[in-house]
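Below is the structure I would like to discuss, written out as structure tokens.
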Amino acid sequence: MKKSRGIIVGRFQPVHNGHIQIIRNVLEEIDELIIAIGSAQLSHTPKNPFTAGERVTMVKEALNEININPNSYYIIPIPDISNHSLWASHVKTLTPSFNKVYSGNPLVQRLFIENNYEVTTPPLYNRTEYSGREIRNKMINDEKWDILVPNTTYKFIREIDGINRIKDLSQKEINEL
Amino acid sequence: MKKSRGIIVGRFQPVHNGHIQIIRNVLEEIDELIIAIGSAQLSHTPKNPFTAGERVTMVKEALNEININPNSYYIIPIPDISNHSLWASHVKTLTPSFNKVYSGNPLVQRLFIENNYEVTTPPLYNRTEYSGREIRNKMINDEKWDILVPNTTYKFIREIDGINRIKDLSQKEINEL
Amino acid sequence: MKKSRGIIVGRFQPVHNGHIQIIRNVLEEIDELIIAIGSAQLSHTPKNPFTAGERVTMVKEALNEININPNSYYIIPIPDISNHSLWASHVKTLTPSFNKVYSGNPLVQRLFIENNYEVTTPPLYNRTEYSGREIRNKMINDEKWDILVPNTTYKFIREIDGINRIKDLSQKEINEL
Amino acid sequence: MKKSRGIIVGRFQPVHNGHIQIIRNVLEEIDELIIAIGSAQLSHTPKNPFTAGERVTMVKEALNEININPNSYYIIPIPDISNHSLWASHVKTLTPSFNKVYSGNPLVQRLFIENNYEVTTPPLYNRTEYSGREIRNKMINDEKWDILVPNTTYKFIREIDGINRIKDLSQKEINEL
Amino acid sequence: MKKSRGIIVGRFQPVHNGHIQIIRNVLEEIDELIIAIGSAQLSHTPKNPFTAGERVTMVKEALNEININPNSYYIIPIPDISNHSLWASHVKTLTPSFNKVYSGNPLVQRLFIENNYEVTTPPLYNRTEYSGREIRNKMINDEKWDILVPNTTYKFIREIDGINRIKDLSQKEINEL
Amino acid sequence: MKKSRGIIVGRFQPVHNGHIQIIRNVLEEIDELIIAIGSAQLSHTPKNPFTAGERVTMVKEALNEININPNSYYIIPIPDISNHSLWASHVKTLTPSFNKVYSGNPLVQRLFIENNYEVTTPPLYNRTEYSGREIRNKMINDEKWDILVPNTTYKFIREIDGINRIKDLSQKEINEL
């Protein structure tokens, strides 16, 4: 029987429990999932502090942490492409073939629908709390964020000195030469 | 006798009656007009919802609608170039040779003037009403916009489901994964 | 009734009688034809001596020369894109929608077929004689080439000093600093 | 104890038994291996017929075929970068951190060595037989190539009509418009 | 004895007395200084009005004005690179080798530190007054700015009609076609 | 009196005595010379082994070696640009203004002439001997090349292990994975 394969796209800046919840839920519906790491070429910006490689590591470790079958997913970095109308074709080129798209983002939904893909809004989770932006803000303000992300993500970010990186990137550039 | 040829540059997101009025007026002064479709590489963004090909179609149909001589103009998509100081040379490379520039935009004027072109501000029209941004906003808010654009443009946008595309693109990305 | 619209892709370095013959033949089968000018970003190389704008001019003048209805075609420059598997989507983005592709080039055929387009090999002409490369070689060697191209093309190339441009570009770079 | 992680880089056009042999051997020396798919942006050219996504699929299936532990490797597409002297940093940005490089290619070796990586030439295999170029040539000439690649690779290439793609791409462009 | 060589990075839009003060101070500590002109590909934007070539000229003339030894510095334009994590390697590729970085910008500091460079915050100057943005604003508002920049810079900007360029660029694009 | 400023363009892979001879000769005719380092983005290829920064260093040291006035020249790296017809504008953007071009290369000559620059063929030297390609070949074959380049260039290339770099780059990629 032919395997069913889906895709989700996220920036994972950083990985958080909302991501993991979606991936776990989606994997109950299909055989294999492509986890596409969007804006892969970006890093060291306030909204995109982590490199693609760091994000691959965080996703992989988080899925191992909850014993997801490593043969059930692919983690693929996807650089942006200037022309949005080519983006869905660009994703297709970089990934194994898939027939279902899971996304709650209206732009992503539209781009795949205009390319004749079936698109599903993944089950909801608490998006106010589980949000990359919120977590980055908590890091900057020395608030508690460890419970919002997988243990391995928390540990990884500390190991690479990620909190200071985010704090440095958040500084107004008052000192620009 | 040598033909006079001019150029106007617009993004045509979407084509509106102001564009058509200018093109008609300018064509009374010169033999041929290059209609340059700016930011051609962009589409599916809030400010640039339509592809270059869709914009070419809208311009062409609108000019046919009012029986402009099809031998009096060229419609040429122009992608952006990162370095502004190369932009005028870039336009020159992609288009038939021209000796007059029609633009009311100070940046466009300056870039052509610094490249020794003669620049004319085209006759005014009601820019508050005939504005791409205003028309896109009316679409989002379900206000009346059909009288601001050529009939063929209205019909075309409906055919390609353009209103929903613009609405989707305008949504705050609250659902970003 | 819905118009039928097709596309052909050529580099037109320079326009020659073979191009014109194909365009004329194809226009007997369909209502409108998109004439895509490939490798639009290239010029001033031995294989691509003319700019996109110069090629637009040559095509337009050649079609006027034989009184092709100017409402039956679009001339659109198409820059290359590094990823071949995105090329057909890229062409689609830059042009009015089309449903038939005319090409004798196996790569172009394949790229459109893999994107679910109907592809037709256009009627043959004498490709040994009518070839951009052959014509450029004749220019370099001061052989007769005027009968291979439309009159307007011949005149245009002389006007822009195109023969010397091609000769300069063909020189071995023995003088490289 | 800290895991040891290495990297190998290949174009995998297509995957062949030499690749698999090296991966298997290297995995005996280290805990985890990054399998970098080079020139990821290329496809549909004579030397690079397969997309990055197709190559990811072939590598993954081939490693499953011989029961390699799926937690022991990462498969990461790496697009080219125009400046060679940035290439090693570029690879580093897209991948989990690594401390050993396995490569027999003098350029790859040099670029990593100049960036202070430890580089090892992987154990040899029969490179005359197991060569992407040789296998592509055999496909073009209808010679036997199935024994040179994993079973899953052979099956996959047939499924996507890969042999005809390679034959089409190999044709001299005699029919160029 | 080995020469010590440092680098500072600025956009120099335009050169001002704060830049010159830093360069002078830093040159007391080291033998040679690379003056890197950042965002070299930008010009004719509100924040980046001057071309790289104009900025090279302003820096050179300002240093001659105060008799800095012309053998003690290099002026090198550095275009941006989309991936921040490659930026330090990119700078390294375009410049003579250096071992000290002078920067007060947290992002620049971090990018060089993550690449194992020694980074020093250069001695402070009055950053409220000596700021490219402040000076551009004064030009737009016809306020006094000549005392904030070297004499040669003032003269150069007047010669190239720089004030009107900045005024044109600052206009809201109300006239966009 | 207005200064006269010229430009020469070279790749300097590596600097050799022919370059230095031309620079010295040209500097007798004009006040200032821009030494443009072409293909600045390339390095670590057989034809372009050295980075832009290494080439800046070699040029600077060679001119100091013969006591050329450091206020009489600018050394500016120029990356390539895909569109040849924009190249002269691109060079203009990155350099101080100039009014004379010195080049023996027919393409460079043509591109500047089409942009209305005055172009002069610099005085001849022995191009068979003083040629970047010849010198790189001699390095590969362990022939004598030191007398063809300035002393400082010879010393610099040895310091950065340049000969082995060139040898590595020249190897047929027989070991490609």
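Per-chain numbering from 1; labels A, B, C, D, E and F assigned in written order.
Assume a contact is a pair of C-beta atoms (placed from the backbone, for glycine too) under 8 Å apart; a residue touches a chain by one contact, two chains touch by 3 or more.
In this text, all values refer to a predicted model and were calculated from it rather than measured experimentally.
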Chains touching both chain A and chain E: B, D
Where chain C and chain F overlap in contact partners, by chain label: B, D
Fraction-based call for chain E against chain D, same above half, different below: same
Degree value of the rotation bringing chain E onto chain F, based on Cα positions, nearest 5: 180
Chain centre separation (chain C, chain E; CA means) in Å: 46
For chain A paired with chain B, centre-to-centre distance based on mean C-alpha positions, whole Å: 36
Shared-contact residues (touching 2 or more other chains) in chain B: 43, 51, 83, 85, 93
All chain pairs that touch each other: A-B, A-C, A-D, A-E, B-C, B-E, B-F, C-D, C-F, D-E, D-F, E-F
Residue numbers on chain C that touch chain A, as the complex places them: 83, 85-86, 89-90, 93
Of chain A, residues touching chain E in the complex: 41-45, 51, 165, 168-169, 171, 173-177
Residues on chain C engaged by chain D in the complex (per definition of touch): 8-11, 18-19, 22, 82-85, 87, 103-107, 109-111, 121-122, 127, 132
Of chain A, residues touching chain D in the complex: 40, 43, 51-54, 56-57, 60, 64, 70-71, 74-77, 79, 92-97
